[in-house]
């Protein structure tokens, strides 16, 4: 085992390498490109026995990924935002093929307007597709999750593709210390891919992904996919238990930090959750009973984990780095549905939207969110959802609008 | 609510026929819902269409499970389970069939408690797909059977639905429809509207918990070769090609090569054999045989002569 | 498929030559209905992908098989020929990007396009393959389709693949020779099969072969191949029949003859065909 400073992208590449992947269909997109460049270099240097092919679009890339997995090889691919959405038809399609593989998504805000900074709208758009989702908050987690993801995807109780998500820039281009585990031990942990009877070979003709006419058979196939996804909960817990015993690092389905005696809990996904950990330490020093819950698994949704962790808690500040237009934060919505009508578990849920397109969330904002949530607990009801956005920021946008000749009559901005 | 189901083959005009009836009801002031349903959507393949008509807005949707009237434009469909002609038939259902046989024969054959009526004046034709106006005749009869559609409304409906056709064709359809309407006089208003299923006396749906099954089983994959041999596309046929082995030259390749459906095989002696379970009756082999050794006969004649089917 | 399907006829002939050590990768179109759960007509294998990306699916399967062979996880007898099967809708339009890139990557695959000159499965709306003047569900005006058939053969050939050929089921010997040739080569090999369509072109199913022959004899469907950097015509109709011999047999061109002859359109079409063959001979 060696400990090195790695970017999240490099950590993902290491995950693929250690998993001995056979095939990498690729297409470049910011901020993921370093992953495929790293793998391409290793292949050129004969450090990886793997075939990489650049397709002409992400839609084709996902088709090739699923088709190769359906042929019987271990597949790795990576994309982001616009690319993930361009492939969206095929995400649903290949999940329905029950072709297992791992797709690393480097989260980036979606157009329009087009941008480069991270948020979670891209990966959340895939939540209904049949892909499982693991969300990382450190570069170490990215490497570890890729290995876990192969076990999860290929498990016969699941057999679905898995997305491993990391935030663009904050993880993808940021170096952190990462333990690169020993190849032999990883080989034992990940094992070999057994395609079972979903493969192509001359001696066993098979027609895969055929059309289905009629609601009765279609419902069967779709619901079985859902049941397989749900199995992911128990299978993930088993795999991560084994991972912890083998590698000494625990990656629970929902990470809990100082929640045991907390009254108020922050809930958020991704790399900014480490900022919440610092905020909790600060708040604890000031006498607050506060903690953080960070779901790593988003699909399948770890409802039971949440209900257990939030039993008896009085308030939850859900911080969504995403926005469902016309509804609000996705994590908030999903959590609310999981907690609804539970008698042991009925905290006030307060919704905050922050970090869109990579916008920072400051320590002070965490403290203020705690205040707002505490007030909600005392009053027994939540205020309307809040977009984290300051007066200073609005002033900044007004200046930009002035330059863009946007007609404005307030604030003396008229040109 | 009137619930009417049409059965026919692609190409026999079932969609239009159901629309004519739907429009006729509409002109009489009814709320209407009509739609065709295609299986394979191919010429000759079984299709069905349905019409709902009610004095109140219609909320019911989808397939008609309990028809009041079943109209069968092609009696060869009755023996094809996939065509679903007999699905949901109740004692009050009236079965109207376009057939050259008598209603009693059908009642006995189907062991059916309800009433069977025959479409009047059905011509003897070789190719049932050549019965261009059977749809209009069916609808004319159906309109009289429901008893709430006037002759004028029927005419207006025919004209409205066929407005895109030439006047000559419209007139032929109209003649057939009105003729059938008139000839059904003895059975006017024979169709009864069935009541609704009561909430305090319904047959319980047998819901099950779908068990998880591994992808080996539950992926949409067909393990094995050529399972489609089970699909009897030969049932689409109304005419069949028959090889006369006298003039057949044993050229060994023409008919079998040109058959799109690989339904003609050639044995070691060079003799071609037609697989009637899969021949769709396209007649390319008839057109292409250099010695004109393949004839066309109506399907029902082949059945009578004890041919394979 | 519909009775008398010219596409199925070509595929039937092609499949008999290629055999069952094949995996057909399909894009959305009429032939998608060949395999509907639980029925498949193939003695070999099949994978349905999506309308735009069958060549990318072929890439994945070919690469997958290559890796399995290279890493000796399967025996060489388990290898399969990878064959893409699409209609003209995908080949001429939505799938063109994926096809272009597959050729450019030198993918070892066979591409079969059954060309019925329209979006057949959805009811024969016009596609990039629809010929000038044809009536389709979306071109019902007096002059039929105002556009012109895209020259996909030239587009494919411009990529300099291993092989390109046009075929038609009505000329089985020419087709067989070309498929045998394609089978013997490696790299991207593309076949375009004119697929007379009784349902979409409006004629009696029994005439499919006759119409296919007329397409060749009138010069409307040139039988040619691209190989070793050159285009060679495998059949040059010497006593070329007037195009209307082909057009008048199909209901989709009936507006050129009824209620009166559209001489302008007929002559335009004839001139184009004449011009093509002048360039050849």
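Which chain is which? They are A, B and C, in the order written, and residues in each are numbered from 1.
Quick note on the criterion: contacts are C-beta pairs under 8 Å (C-beta built on N, C-alpha and C of every residue); 3 or more make two chains touch, one makes a residue touch a chain.
This one's a predicted model, so the numbers in the text were calculated from it and none came from an experiment.
At the centre of the protein atoms shown, by the Cα-centroid criterion, sits C.
More C-beta pairs touch across the A-C interface than across any other pair of chains. Inter-chain spacing, taken between the CA centroids of chain A and chain C, is 43 Å.
Averaged C-alpha coordinates put the centre of chain A at 52 Å from the centre of chain B.
The geometric centre of chain B is 33 Å away from that of chain C, both derived from CA atoms. The multi-chain contact residues of chain A, meaning those touching 2 or more other chains, are 205-210, 212-213. Contact of a single residue of chain B with at least two other chains is seen at positions 220, 222, 225.
Residues of chain C in contact with two or more other chains: 20, 33, 35, 37, 40, 42-44.
Remark: chain A residues 22-23, 25, 49, 51, 53, 55-57, 59-61, 63-73, 89-90, 93, 200-203, 205-213, 217 touch chain C in the complex. For chain A in complex with chain B, the touching residues are 96-98, 156-157, 159, 196-198, 204-210, 212-213, 220-221, 223-225, 227-228, 231. Residue ranges on chain C touching chain B, taken from their complex, read 1-9, 12-13, 16, 20, 33-35, 37-44, 169-170, 172, 198-199, 204-210. Only residues 20-21, 23, 25, 32-33, 35-37, 40, 42-50, 52-53, 55-61, 63-68, 71, 73-74, 77-80, 97-98, 100-101, 105 of chain C touch chain A when the two sit together in their complex. Residues of chain B that touch chain C in their complex: 40, 42-44, 220, 222, 225-228, 230-231, 236, 253, 257-262, 280-284, 286-288.
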